[in-house]
Each structure stands twice: as C-alpha cells, then as structure tokens.
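Common to both upcoming complexes is chain A, partnered first by chain B, then by chain C.
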Partner chain A sequence: MALLEVRGLEVEFPLRASKLKALRGIDFTLDAGERLGIVGESGAGKSMAAYAILNLISEPGRIGAGEIVFDGQVLNELSNEEMRHIRGNRIAMIFQDPMMTLNPVLTVGTQMVECLQAHRTISDKDAKALAIQKLREVAIPSPDKRFDAYPHELSGGLRQRVVIAIALLLDPAIIIADEPTTALDVTIQAEIMGLMMELCDNHQVGLILITHDLAVVSDVTQRMLVMYAGRVVEEGDTQEVIANPSHPYTKGLLQALPQKNEAGRPLNQIPGTMPSLADVPPGCAYNPRCDHADDRCRQELPELRALNGGKVACHHAEKLT
Partner chain B sequence: MNAVIQKALASNFLYQFRHDVVAMTSAAVLLIMVLLAVFAPFIAPQNPYDPLQIDIMNSELPPVWLDEGDAQFVLGTDPQGRDMWSTILYGTGISLLIGIFAVMLQAVIGVTLGLLAGYIGGRVDGFLMRLADIQLSLSTLMVAIITLAVFQAAFGAQLYGELAIIMLILVIGIAEWPQYARTVRANVLAEREKEYVDAARVIGLSRLRIMFRHILPNTLTPILVISTVQVANAIVSEAALSFLGLGMPVNKPSLGSLIRNGFDYILSGQWWITVFPSIVLIILILAINLLGDWLRDALNPKLYKET
Partner chain C sequence: MSGDVLVEVKDLRVHFPVPTSFLSREKPVVHALNGVSLKIGRGEAFCLVGESGCGKTTLGRTIMGLIRPTAGEVIYDGASIGDLVDRERQPYRQRMQMIFQNPYASLNPRMKVQQTLEEPLRFHRPELNDEEVGAHTRDVMTSVGNDPAWGARYPHEFSGGQRQRISVARSLMVDPEFIVADEPVSALDVSVQAQVLNLLMKVRAERQLTYLFITHDLAVVEHFGSRVAVMYLGTVCELTTPKALFAKPHHPYSELLLSAIPKLGRKSFKPVKVPGEVPSPINLPPGCVFHGRCPHANDRCRAEVPVLKDHGDRSVACHAVEEGRL
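Entry: the complex of A and B
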C-alpha cells in the first residue's frame, strides 16, 4: 500500500453565494522513498494540495471532500493536536523563500532545538548535538558555529540548507518541498537539488516536489503530476511524460521551453491564461486554450484515465499521441 | 562573528544616540532623576514620612534665597513643615514607581490580549477589540475617578491611604490596556502572514509557542516605543488623580499630591509649595517623551534622519 494516498481531494473557499473550488478533486499516491513532482502554472493548486495534506489551509478555506490517507491514518479527520504530531515529525515541508521561513529574531540553533523538543522529550544538550549533526549532513561548513548564528548572518543558499536540516531533523517519512529553489541563484539551485536527492535517498524519505521548473522535475523526480485549474490533467513516469506527453497542456508546456525553440525566433507559448477559479469553463478547463477542443471538450469533463502506462484527463489523448 | 555583528549593531545604535543632543540630554536628566529618587533616603536631608523629623514650627518657610529662608530647607517647606527638597525626592520616586508598574500591568494585559486577538482572529478578535473600543470610549480619568471614589467611600480614608499605590497602579494599568492591545494586534496581523509563521506551524509547534516565542519578539519595537510614552502618560494620570484628591494621600505624597497640596496656598503667597513639584513633573515628563520620540526614530529604519 502506498505511504500517502490522496483521493478525490477538494478544497473550497466559501463566497457569499457560492463556493470557490481551489482544488476540484485530485488523486495521487506516493510510495515510501519515492520522489514525485507536481507541476503547473501559478494558481493551478499545487501549493494548495501541499497545504491540504498538512491540514494547514487558512480560514475560511477548508477541505470540502475527499481524504488524505497517510500510513493508515486519515489526516483530514485527525484533531488539531494529533495533526500537530504529524507536522514536522512525520511530514515536513520546505518553503520557497529561505529568507522568510526562518524567524529573524531567533538563532538557527534555537529554532532547531525548539522543533525537536516540540515532538520529542530530549535534553537541550542532546538536541543541540543532533541539530549540529543534521547541519553537518546538509554540508554546512563549521556547523557548531552556525548553530548560534542568526538567519541574517547566513547566505541564501546556507539558509535553505538550514531549512532542509530542520525538515530532516525528525527523520520524516515525507518532505513536501514547495518550490525550494525558486528564490536561489541558479548555481546554488543545482547544489540544493542535488543535496535533497541525496538526502532523500539516504534516509528513504518520500519527496513531493512542487515546482514550475520542468528541468528540475525531470532531473529529480521519478513520477510527475501535471495540474491545471485545480485538477490533475496528466500523471506518469517523469521521463515518459516529458518524452511523450499525452495531454495537450503538457505538450504546450514542453513546447514553451526555450530549448525547444529556434534561436532568434519568438518563444512558443500557450495562448491565453489559466481561467480564474471563480469561473472555470464547463467541460475540460483547458478547452478555451486548446487547439484540439471540440464540442465534447466544452461540455463533458474528462476523467483521469489510464493510457500508455500513465494517466491522462483528455478526451482526445489517443488521437494526439 | 555573532559577537562582532552585535557589537556593530550596538555601536550604531550608540553612535546615533551620542550624536543626538536632545536624546543625550533627556537621557541624562532622566537618569539623574531616577537615581535621585532611588537614593532619596540617603540624599534627602529629612525623611518626610517620619513625623518625628517634622516640626510644624518650620511650616511654610520660603526657599533659602528669599529673606525668611532657612539654610536647612533649600527649597522651603510645606504647610506641615516638611522640607520641600526631600519631599520632592520621595515624591518623584512614588510617581515613577506608579508610572512604571502601571505600564508593566498595561503591557502584560495588552500584549497578551493583542496577541490572542491578532493570532486567533475571528470571534475572539471581534470580542476583544470591541472590549477595547468600549474601554477607550471611557476616558482613563473617568474610570479612575469613579473607581477610586467608590473605593475611598467604601473603605474609608485610612485603608485607602495604605493601599493607594496599589490601587493607582491597578486602575491606571487596567484602564490603558487597549493602547498595547491595538498596536500588538496590528503588528501580529502583519507578522502572522509571514512565512516563518507558516514554517513554525508546519514544524508542528503549538499555538501558544508560536504566539509568544515567534511572533512576540518580532513586535517588540513598537511595544518599546509606546512603553515610553505610556510611562509618561501614567505619571500624568497619577498626578491628575492626585491633584483631584483621589491619588496619593498627603502623608505619602507623589508629585501630583504635592502640587495639589500647595495649590491652596498659591494665592496667599507661598508659591514654592506648588511651583517646585510642578517644574520637576514637567521636566520628568518632557525627558521621557523626548527620549521616546528619539527611540521611535532610531528604531524605525524607514525614518533615517539626514545628519
């Protein structure tokens, strides 16, 4: 059985008269030690899915339907206190901007020890030793000095390493990384991604990598999901999806990569923008931007169905491959 | 490295301080007044609380530089024959004591409620902020006058005299909590949207821990700034209440009760009984407020002054 299984997850925000659905039913699974990529445009619901897994959607948003099963427990039915023991402890999360995720007024060490003591009964001395060991694991030079440093004394790359060290502190089963390298320098990006892959392999940690960088996804992950307007439109083996995309949206994304374009010519782009979640068009949400859309696409919502080893939500997938 | 940066920060702060004449002067004045008040028992020539040291025959003597002045009483004496200089030293102490403790009480109540309102939000926020609105719509003095008058009537002047300091601290402390609560709440609303708070929740820290350990230290700057202003306000409130006869009793006077005490004699020529405590009160309040202004500017990086 999969370590994490998300079934029919819907997240909704009540409006005055109606509900705005940020996630419109997504399904996926993650096995222990597996690395899964989630890609999509801004607003597709990638981060929302991550927050939903940790039950941290801010009010008034809520999980409207579906369930998240982690290690035999239904996470969205746990009490706040039970959920608190999952967060950080069994499932950790890494955010986009390491400038913002560390508290500016507390030292790195304080924040690490605090995290340990929130979940385990451990003495200050042992906690410090463990924290320094983790700092060493993420290849921070002179970790015992950095332990007493404030976040502003560290560079962006070092800070993201500290954030990763905090995420690994309690040996979680899953790390959710929400665009962990977007705020970093390109050269540092590669280092950090390499480090995360290595650590996940060594500790058998499952990784959910949320990004819009297809290059990172293809380097790091084994499987990937493509999201569009709050739904999964394609799922499959990463290399397979990138080599032979089935959904027109995935194709569009891949066509838009600069590498796929001729030098000196305008870049290919998908015409239009993603619909606002307040008025998602009926039928396939992608139909207004799709070259292959017909009447069926405009009326009938395509279900995610198996195709060529992967899954795709398009009526015309067979014709297009 | 840590120590070096802290030193650099501190010295920048000190640098700004040393190059601001107003800040330096007011800090010096304040420091001198606090020291005088703290060491009053050793400095003052007379203990104004000890009836044995007071001789009614010495009452209403003018300051030493006037014709009838006595070298023993530099600033003259009051109607009970107490040395004005000694009484002012002790009175300043009482005023400062009430001011500081009242503000500490305000801060504890206000910061806690402000954190709760800002972080929990929703109905808790609505309830606490309406409570603050109600509190603010009743002026501090009004609340204080009613409470103290009722207390005085119910328990008699004797007991009231003994408990006056505690009563004043409680009344002024409770009446002004919304100042802190509103400021803290506004800051918490801004801080709670920052990612480090999300990160703290993701780590699985409890609400209380996030509020007091993560958000509170990030809102300390405005708390520090309003604290100075509030100390000055509390001292003024106490002086006003004492002036109205609801503050410190005559046998244990604060600056306010000294001013009131002398006010009855001002038209009969004994001006010094009122004027000297008034000057001390004005200097004290001015020094605190100027220091508060400087602190606000110095701690706000958006307000770099051109020097």
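Entry: the complex of A and C
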C-alpha cells in the first residue's frame, strides 16, 4: 500500500452565494522513498494540494470532500492536536522563501532545538548535538558556528539548507517542498536539488516537489502530475510524460519552452490564460484554449483514466498520441 | 557583431557607498560594476546573464541613466551620455526605454491604462493634440495585440501577461530605438512567457529595435539573443554568440553556470559541486574575481585581474584560457 494516498480531494472557499472550488477532485499516491513532482501554472492548485495534506488551509477554506490517507490514518479527520504530531514530525514542509520560513529574531540553533523538543523528550545537550549533525548532513560549512548564527547572517543558499536541515530533524517519512529553489540562483538551485535527492535516497524519504519549472521536475523526480484549474490532467513516469505527453495542455506547456523551439523562431504559445477558479468553464476546463475541443469537451468533464502506462484526463487523448 | 555600434560602455565602474557610522574611518563601497566594456550593435538583441548580484541590472540602469557611473563612459550613438544632467538627457530618454521585471509594480495602480500610456507621449511630444495622442495610443496597442478598449481599465483588472504586454506598449509609445528589458518574463508562467517573448521578437523585427535583454534564464538567451555577455561579480567574463556559448563555454564560470541549468529529459542528473559561494562585492578578492571557486586558478589568477581578450569566436577574461591551460 502506498505511504500517502489522496482520493477525490476537494478544497472549497465559501463565497456569499456559492462556493469557489480551489481543488476540484484530485487523486494521487506517493510511495515510501519516491520523488513525485507536481507542476502547473500559478493558480492551478498545486500549493493548495500540499496545504490540504497538512491541514493548513486557512479559514474559511476547507476540505469539501475526499480523503488523505497517510500510513493508515485519515489525516483530514484528525483533530488539531493529533495533526500537530504529524506536521513537522512525520510530514515536513519546505517553503519557497527561506527568509520567511525562519524566525529572524531567533538563532538557527534555537529554532532547531525548539522543533526537536516540541516533538520529543530530549535534553538541551543532545538536541544541540543532533541539530549540529543535521547541519553537517546538509553540507553547511562549520556547523557548530552556524548553530549560533541568525538567519540574516546566512546567504540565501545557506538559509535554504538550514530549512532542509530542520525538515530532516525528526526523520520524516515525507517532505513536501513547495517551490524550494525558485528564489535561488541556478548554481545554488543545482546544489540544493542535488542535496535533496541524495538525502531522500539515504533516508528513504518520500518527496513531493511542487514547481512550475518542468526542467527541474525532469531532473529530480521519478513520477509527475500536471495540474490545471484545480484538477490533475496528466500523471505518469516523469521522463515518459516529458517525452510523450498525452494531454494537450502538457503538450502545449512543453512546446512553449524555448528549449523546444528553434532559436529565433516564434515560440509555440498556448492562446489565452488559465480560467479564474471562480469561473471555470463547463466540461474540460482547458477547452477554450485547446485546438482539439469539440462539443463533448465543452459539456462533459473528462475523468483521469489510464492510458499508455500513465493517466490522462482528456476525451481525445487516444487520437492525439 | 556587425554593423554600426549603437551603445558602447567603456571601462564602466559603479560603486555604491555602504552606510556606516560617522565615526568609522573606513568608507566601504559595494563594487557593483568593475570595469565593464562592451558594444551593442544597432538591431542586436544583446543578452546579459548572470546570477543575482552580478551587476547585470546595474549595467542596464547605468546605460539608461538611472544610475550615475563612478568612472568610465556610456556612449550612445556616438555621444557620451554618462555625465549628462537631466535636461541634456531628455532627448535620449525618448530614444531609449525600459521594460521592468514585475508588471504588478511597474504600472501605476491609480492610473487607467490609457493615462499610463499617454504620459510619456505627452511629455516628450507636447505639440500633439488629444486626438493625435489618442490615435497613436490605439495604433500602438493594436500593434502589440492588445485591445485598445483596455485603456479605460485599471492595471489590477489584467493578468500578469496582459500587464506585461501593456508595459511593452508603454515602452513603444515614444517610438524608441533602444529598449532595456530587465527580466521581462521572469515573473510570468511558461505559457504566458512564450506569448510575451513572441511579442518582443515581433516588435523588434517590425521596428528595427535594439534590445539589451537582462535575464538569468539561459534557455531564453539561447532562443532570443544575438550575442550574450556572462557576468560575474561586476565583470564580464565571456562575450560571444549564444550558439557558441552553448556549444562550448570557455570561461570556467560560464561552464559552471551552464552545467547548473536543469534540463528536460536527460537520463541522470549529476549536480555540479562548486566550492564556496559568491564573494562579497564589498571586499572583492584581488586578481580574478572567480579565483576562489575556480579549479584552474594559479598564482597569476590570484594577483592579476584578467581582461576580455579575443579568442576565436568570442572574448574571454581568463588567464587560463589565454595561457592555453584550458
């Protein structure tokens, strides 16, 4: 059985007369030690999925339907108190901006010890030793000095390493990383991604990597989901999806990349923009931008179904491959 | 590069003072640009790449006259414009325009799109009457593929991509010949990024524009640029065509930068291991600024600053390349 299983997950925000559905039913699984990528454009719902797993959706938003099953427990039925034992302990999260994640008035060490002692009974001395060991694991030079440093004294790359060290402190089963390197330069991104892959392998940690960067997903993950307007439109082996995308949206995204176009020629562009979640068109949400849309696409919502070893939510996927 | 030179910078230096206590004797400065020389030919799409803090934005802003150079020259169409006072600079402001990274911040939220677009035109060409201004605005909006009716709306009513297309329209209002585009697509999603890049390429062809394109996205450079300068800590380390750079980077830093780009569909990903981090631009290392992280550094690299030298199809600032050690 999969370590994490998300079934029919819906997240909704009540409006005055209606409901805005930020997630409109998504399903996926994650095995132990697996690296899963979730890609999509802003507003597709990829961060919402991560927040929903950890029960971090801010009021008045709520999980409207579906189940999140982790290690036999249904997470969305747990109380806040029970959830606190999961968050940071069994499932850790890494956010985009390390400056916002770390508390600027506490030293790195204080924050690490605090995190350890919140979940475990451990002496100050042992906690410090463990924290320094984790800082060493993420390749921070002179970790015993950095233990006493404040976040502002560290560079962006080092800060993100500290955040990873904190995420690893309690040996979680899953790390959810939401755009962990978007704020960093490419050379630092390469180091951080390399580090995360190595650590996930060594500790058998499952990784959910949320990003808009298809190239990063291609380099780092084994399986990927493509999201559009609150639904999963394609799922499959990462290299397979990138080499032979089935959904017209995935195809459009890949073909819009400069790498996929002859230099100097106009890029293949997807016309239009993603619909607002308050105003998702009926049928397939992608139909107004799709070249292959017909009446069925405008009326009937395509389900995610198996095709060629992956999954795709498109009425015409067979014809297109 | 071929044809005549539109923009040239010669040994450009920009240093910013660091605020200190009035008692302190030291007056530290941030060395944002340390002797940059390059020429941009008419009609080029010249790209500047590098990581944050390498001085690419400072260079763009200094050429635009938004930052005064500490030393060195900015030459535009044969005239030195680095030291001009505001009144003397005005005719150049009309010829050079800028597009900024964040379309959410660069459009005034309290002005209707029409007002935003008209402002530069009314300032630079006061002789036009309302009707002519209106007609010109409609022409420009149509030429960049925007509905002229957008003029009656406010920026917050538009998506990021639409806003960036409005920024492009604004920059074209005064019929410039040179545009500095500072990360114009970095804030946009992939599908929208393609739309804006296509628009920039289209208007360049239609209006014979010259671009200085500042970006950290090397895939965009490969697609878009006619020449590219790789910058590190306020210096240009390699200057060549995108094709030559991607075929084989010569400077060790260019090599590092290229190896770090994530790539689609490669079988295995072996991340580069680079010792150390970018040094502080306050206390620059002596010699080559990259020597602390360079596997090929020797005593000469630690003492003597390398300058850009021609090397076949490119210019490289590296002692190791010059000596044939690489």
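By definition in this document, the second predicted complex is superposed on the first by the 321 of 321 C-alpha atoms of A that agree within 3 Å, B and C clash if a C-alpha of one lies under 4 Å from a C-alpha of the other, contacts with A are read in each partner's own complex, and residues count from 1 in each chain.
What we mean here is this: contacts are C-beta pairs under 8 Å (C-beta built on N, C-alpha and C of every residue); 3 or more make two chains touch, one makes a residue touch a chain.
Please read these numbers as outputs of a predicted model, since none were measured by experiment.
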Combined model on chain A: chain C and chain B, fit or clash: fit
Chain B versus chain C as contact partner of A:Glu191, first or second or both or neither: second
Chain C versus chain B, contacts on chain A by residue: C
Which superposed partner A:Arg84 touches (first chain B, second chain C, both, neither): first
Which of chain B and chain C A:Leu106 touches, first, second, both or neither: first
Chain B versus chain C as contact partner of A:Leu54, first or second or both or neither: first
Touching partner for A:Asn261 - first (chain B), second (chain C), both, neither: second
Contacts of A:Glu114 with chain B and chain C, given as first, second, both or neither: first
Degrees between the directions from chain A toward chain B and toward chain C, using C-alpha centres, nearest 10: 80
Chain C versus chain B - closest C-alpha approach in the superposed model, Å: 6
Contacting residues of chain C [partner chain A, same complex]: 51-52, 159-162, 189-195, 197-198, 201-202, 216, 218-220, 222-224, 242-243, 256-257, 259-267, 269-274, 277
Complex contact set, residues of chain B against chain A: 1-2, 5, 121-122, 194-196, 198-206, 209, 213-214, 217-218
Residues on chain A engaged by chain B in the complex (per definition of touch): 54, 56, 59, 84-89, 92-93, 95-97, 100-106, 114-115, 118-119, 145, 148-150, 153, 163, 166
Contact footprint of chain C on chain A as seen in their complex: 41-42, 155, 157-158, 185-187, 189-191, 193-195, 197, 212-216, 218-220, 239, 242-243, 252-254, 256-261, 263-264, 266-270, 273-274
